[in-house]
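So that you can tell them apart, the chains are marked A, B, C, D and E in the order they are listed, and the count of residues begins at 1 in each.
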Amino acid sequence: MVRKRKRRVALKAGFPPGTLVSGAEPPHPAVAITQVLYDGAGYAEREVASIEEAFPAPGDERTLWINVDGVHDLGALESAGRRFGLHPLLLEDIAHTEQRPKLESYGDHLFMDLNVFHLDEATDEIHAEQVSIVFGARWLLSFNEGPQPWARPLRERLRADKAHCRQGGPDYLAYSIVDAVVDGYFLVLERIGDRIEGLEEELMASPNPQTLHAVYTLKREVINLRKSVWPLRELIGGLQRERDLVRESTGVYLRDLYDHAAQILDTVETYRDILAGMLDIYLSSVSNRMNEVMKVLTVIATIFIPLTFVAGIYGMNFEHMPELKWRYGYLFFWGIILAVGAGMLVYFRRKRWF
Amino acid sequence: MVRKRKRRVALKAGFPPGTLVSGAEPPHPAVAITQVLYDGAGYAEREVASIEEAFPAPGDERTLWINVDGVHDLGALESAGRRFGLHPLLLEDIAHTEQRPKLESYGDHLFMDLNVFHLDEATDEIHAEQVSIVFGARWLLSFNEGPQPWARPLRERLRADKAHCRQGGPDYLAYSIVDAVVDGYFLVLERIGDRIEGLEEELMASPNPQTLHAVYTLKREVINLRKSVWPLRELIGGLQRERDLVRESTGVYLRDLYDHAAQILDTVETYRDILAGMLDIYLSSVSNRMNEVMKVLTVIATIFIPLTFVAGIYGMNFEHMPELKWRYGYLFFWGIILAVGAGMLVYFRRKRWF
Amino acid sequence: MVRKRKRRVALKAGFPPGTLVSGAEPPHPAVAITQVLYDGAGYAEREVASIEEAFPAPGDERTLWINVDGVHDLGALESAGRRFGLHPLLLEDIAHTEQRPKLESYGDHLFMDLNVFHLDEATDEIHAEQVSIVFGARWLLSFNEGPQPWARPLRERLRADKAHCRQGGPDYLAYSIVDAVVDGYFLVLERIGDRIEGLEEELMASPNPQTLHAVYTLKREVINLRKSVWPLRELIGGLQRERDLVRESTGVYLRDLYDHAAQILDTVETYRDILAGMLDIYLSSVSNRMNEVMKVLTVIATIFIPLTFVAGIYGMNFEHMPELKWRYGYLFFWGIILAVGAGMLVYFRRKRWF
Amino acid sequence: MVRKRKRRVALKAGFPPGTLVSGAEPPHPAVAITQVLYDGAGYAEREVASIEEAFPAPGDERTLWINVDGVHDLGALESAGRRFGLHPLLLEDIAHTEQRPKLESYGDHLFMDLNVFHLDEATDEIHAEQVSIVFGARWLLSFNEGPQPWARPLRERLRADKAHCRQGGPDYLAYSIVDAVVDGYFLVLERIGDRIEGLEEELMASPNPQTLHAVYTLKREVINLRKSVWPLRELIGGLQRERDLVRESTGVYLRDLYDHAAQILDTVETYRDILAGMLDIYLSSVSNRMNEVMKVLTVIATIFIPLTFVAGIYGMNFEHMPELKWRYGYLFFWGIILAVGAGMLVYFRRKRWF
Amino acid sequence: MVRKRKRRVALKAGFPPGTLVSGAEPPHPAVAITQVLYDGAGYAEREVASIEEAFPAPGDERTLWINVDGVHDLGALESAGRRFGLHPLLLEDIAHTEQRPKLESYGDHLFMDLNVFHLDEATDEIHAEQVSIVFGARWLLSFNEGPQPWARPLRERLRADKAHCRQGGPDYLAYSIVDAVVDGYFLVLERIGDRIEGLEEELMASPNPQTLHAVYTLKREVINLRKSVWPLRELIGGLQRERDLVRESTGVYLRDLYDHAAQILDTVETYRDILAGMLDIYLSSVSNRMNEVMKVLTVIATIFIPLTFVAGIYGMNFEHMPELKWRYGYLFFWGIILAVGAGMLVYFRRKRWF
């Protein structure tokens, strides 16, 4: 993520503010544009080749949703900008995919930047993408870096459920998208929770630098996630206060969503605490092991070093060493050895060293 | 707790917001529904088979309390929702038992989600359950995951005490339930306090990784508890500011309750500080022990290694080693040995190593 | 303190809110009740046997102060409650002596709970007691767990100083009590400051686990103290904002008091920082000592182990070992030994190991 | 930076507030003054020898931008101060180059102090300079310690883009300068991010005190950077609230800029967390290595010390040692040795010590 | 400082609030009182023997500044209190020199308490003193514990600069005093910065417990300094909001002063972070050194312990040891020794242990 955030500089350097330069990483997949038109009575959906085809016909009172997968098509962006009166800076924010989540009001339309997290099941990696939403009284534009897993189910719901969703208008549609994005956070958190549990067990069983490194990496991911969740919660809070474009009936859903964001934040903070605690556990675990190693060394060395000294004495070549001549000198030696050794063992047992 | 929170994701994925899916874990106990009707004059209580039977008769001016033990009966939820005009999201919050405590106003009724902590005396484990309360001007609905220990005493008090409790209305009843829940927190804190004292004594007597692990586990439980107490305090504060459905006579009780919540929070924070300090104590205790071990090793090794060297010298086979031939060479050897050994002992005694 | 706070649970369990159950620990000393009546013109003080005797005569315009030492006399509490119109919860707060400091307004009277700290000079222990104050326009009731050291001097001042204190009314009297309580905090802080200095010297001279344990215990006491000082400051701040029962002339005194509370809080926070730093100092001190021990071991072992090896060589029994036959073989051996030993010493001196 | 901040004292000591004393470090480069005049219709730019030449002609309605590279020319400062009615303290702030970023309103003109960070590509060092901006309704003065890399591109944009930039007035010009400064922060952050990655790899591969020192140094640079970014964000926020001199059309750009500052702050905080974590990683890495070293020592010592003892026994010179006379005594000895050694190896393998 | 703060208790115990007891430490230097009278037209200054002589003549419209060096003269304090209508608590705050910085409004006059830090160049110690300022519309009283270094230059400026300073009135004079005090903070910070740099170099070159102790002491000084700077900044902020006694022309100077206080706070916080980091550096440095020591021990011991074992074998007295009889047995022994030793060296070199 650190790497991604940097790209912004190179892109923008030398251009005046408001210049459109794409921030998406090549190679770009083909841009896919979907036009959806609906109201309480009907629902129509079609793929279009260019964004101009998706623009609403004059007098069409239905809610228009244009979804663009692929933000590197600057021509489409500029065209939409002209058609819906979008500020150059807004278009720049859509094109640059390194934004932090934010909500901005432009009078007759609202702009939202969201970070979406996808879990690559194969590699177990978390990928961040950006979803930008602009909506006015009758229309909503959504721009994604690539195809989104929540897009199809959402359209299915719109098609199926006449009464509720379709009468909601663009504000309810915007809520639905943010809700789907927030649900994605829960999935990512679930995965992180699993990984934390796995690491804990590993740490207890056999602490090693690789485990610590994994803890550390996970901690950084959680810090990065947190950086997205804080402004997300503010964003939803801000949306609740927008009284012009967000209807009161949508307000109660947003309150619920705010709650989910708060719950995610709680969990992220808890994970952070747990991960920070795991570093302590690791250090204390390493300390314990070193203590164990030291005890073994000390027990062996303190028992045998004095004994070796005694053996050394009777290996001396003095001419006058009466013990050497004793009939039971050797037995006497073993008596000393066993007494000293046993005394040591009793001493260490009392100190609970083994 | 981390595990419980995760379940939410799987449940909700693929459903639009407001869809009722039960979050309670199977196998579900039988749902028990109690209808209580009271006013200053009288008190009536009966078990009902279905929630529809518990709905108030038209024109009944008495305060109605319907208590439902078991939130997995979605039919009952939906039926109550239709009867009392509850929002689908409110019903969803009741059915999903992983919510954080919150208070939400829906105009003519208030909704509260609470976390209840039960202590399983047998296994010494802390279980979290959810209690949801909705109340309007004349009625209160409470939904629990299972039977609650505070339910019977509360009904007894209502039956017995005409003057005070029965005239209080649903807001006073809601206060009484929250009060009972908060009292449960004190019991849990008491248990945690006992455990902390036990762990401290263990840590002083014989620090070992198991104790540390217990400290660490307890710390996580306290962090989880804290996550429930923070919003609980806010909830009570919010209840105090609700001027429509909460009468002024109840306000003074809520102020007292707020105080208790603040006291719980104080204690939780103190426990957290103490537990964090215990990790430090553990580490320093392990350091001390290693220091002790090192000292023993060093004393033994530094005394005997030089002596062994001296013994080694006189074990050499040089043809010309005058000392070996001395009449008192062996005594002379012992003299050196005792002098060096005694000097070492004096040195270590001065350094206070033993 | 942790132990005291727990008792609350057992006391309250099973009782409805507002039930009077004494929280004071038996055995209870005899209850002492003092009635003081004063105004600018006169001062009267007498011990009374029951609280009813202390109630003011109708039409008496003098300021009434009833001081009760011993809060376990629930009859007296209830009687005072009826006479002065005190809320059951207020009486409960007086009887339960585990409250955190708080200020509550009940319209025509104010209620304050304070923690008092006494220093037992003999055992050097800090005891916490509770002082509860209720005052209206003309009267003030104070309830203490036991006799208070500040009670007599305060009455002396009232008797002596006509002009100032006696015209102050109950609000000024309440201020005087809180001021006396706050002065007690300074005495406790002074003692803690002395202990910290003593521990620091001990830690520098000879760090041992007992010192660390004392640091740790003191840190917990400071944390507990802090838990009382934070709400105390808020309490004084709240008193400043009470415009009905607190006259403006008392306001300037309260501002001064607020300042003292802020100063106490500053000192408590500083002590906490210092004590936290002392744990670090201890750990680094233990590390240093272990480093010292290791150096001694390493110097001795690295000098003598190679020398012992050399001695071992010439203790071998090979038939063909030319050195053994040399005339000056033994001298040659000593030459090697001294050279190697001296080289080691130079090496360690350069590394500054001794 | 610590060093720079100190100079302020020596400069100011003994002078009354508002006295002009230059804070720039000698030797001073030549002062370069550029006068730019523009409006929607035209653009004129020229180098002038003295600031008086750059003052606007009466009645000239064009936007005036005077850029001064070199703030040690106190005469120019005083002259500008007289011409544009600048307060002595404002001039002092320009001359003293150790200010923290700030925004101050002087009624008909606004004053901003900014810290600019330049990356010296050759030495990889980060240099801080100060840029001061004063602007009124028709004019803008910018004072830099030396030539700025963003000055030329900015003037090019003014010359080229008639419609947008040139109609913006001094507030838009001020925004453009701050925007260029903020872009410089991204470049510095990019470099710090690279260095962090490099240090991480180094720390994993071979932790040594030099790496730790580099981490520590980088951490201090990040702390210093943070000290500039916090007030910078406030500055931009303050600029947004200035409704007199900042037009609404510029507001949307400032909102975008505020966002960038928030993003920089996020990144700085993340870097700080990461660097703090690296110290932990280092310590645990050193602990691990010591553990490894201890294990090798312990394995070797615990295997060979007992064996040496056994060899010592059979090196003794007792007259009656039956084993020495056995025919297969030596083989028997080797049997013991190999059995003990193999037993030890099995034991250590089980303990996973190698 | 801890020591100073304590004295307060002993002083106040047993006295009612508002009783004047001097807090200055004996022996007291002689009290010096200076009367200054000035306006735009003239300036008069004289030393007076008693404070009563310094009181203004009726009808004198000039600004009066009475500076008192020595606050233990309680008679002077009381006399000034009567003359200028100062509250007893205000006089108590002046007499007790352990106050934290504060600003208090008494309607027609303002009261400020400041901490001044002096650097004793000889002993390199930082001394804290208290400066109290009271000012009304036409007069300013300043009370110092002893002579202040900023007093003379300030009077010189008043005498010299007619236009600006002398027309400022007491509010500008108060600003000038606070400004001089704040400049003193910069000098102290400069000294602390120097000490930090010195300690850093020492810590890198040769970490020892003395250096750590110095770091720890400095950290406590910085914590104490911080305790003065926080309320100082608030004090200046409060002064800016005082609209009655502080004229608008002084406001811009106060804004500048507030900025300096913020800058001091920044620096203090940075120093605190750096000093906290130095404790980590010390610990890691000690760890490194222990690691070095361990490596030397391990290398020596693991090379020579096995070799000594081999030498021990051939020192045994078995009758049947074929190797001993070999012609080249001794050479063969040396071959083994050199091979094992060289193998060990290669192994350690690969592990980068030396």
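The rule we apply is simple: a residue touches a chain if its C-beta (ideal position, glycine included) is under 8 Å from a C-beta of that chain, and two chains touch if they have at least 3 such contacts.
Predicted model, so just to flag it, every value in this text is computed and none were measured.
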item: Omitting chain B while every other chain stays put - resulting connected groups; value: one piece
item: Degree value of the rotation bringing chain C onto chain D, based on Cα positions, nearest 5; value: 145
item: Euclidean distance of C-alpha centroids - chain A vs chain D, Å; value: 26
item: Interchain centroid distance [CA atoms averaged], chain A/chain C, Å; value: 42
item: Residue list for chain C, restricted to those that touch at least two other chains; value: 283, 287, 290, 294, 297, 301, 305, 308, 312, 315-317, 321
item: Pairwise touch network: line, ring, star, complete, or other; value: ring
item: Traversal of the chain ring from chain A via chain D; value: A, D, E, C, B
item: Touch list for chain C against partner chain E, complex; value: 153, 157, 161, 165, 176, 179, 183, 186-187, 189-190, 193, 196-197, 204, 252-253, 255-256, 259, 262-263, 266-267, 270, 273-274, 277, 280-281, 283-285, 287-288, 290-291, 294-295, 297-298, 301-302, 305-306, 308-309, 312-313, 315-321, 352-353
item: Residues of chain A that touch chain D when the two form their complex; value: 2-3, 5-6, 8-9, 12-14, 16-18, 87, 89, 92-93, 99-100, 102, 104, 106, 206, 209, 212-213, 216, 219-220, 223-224, 227, 279, 282-283, 286-287, 289-290, 293-294, 296-297, 300-301, 304-305, 307-308, 311-312, 314-317, 321, 323-330, 333
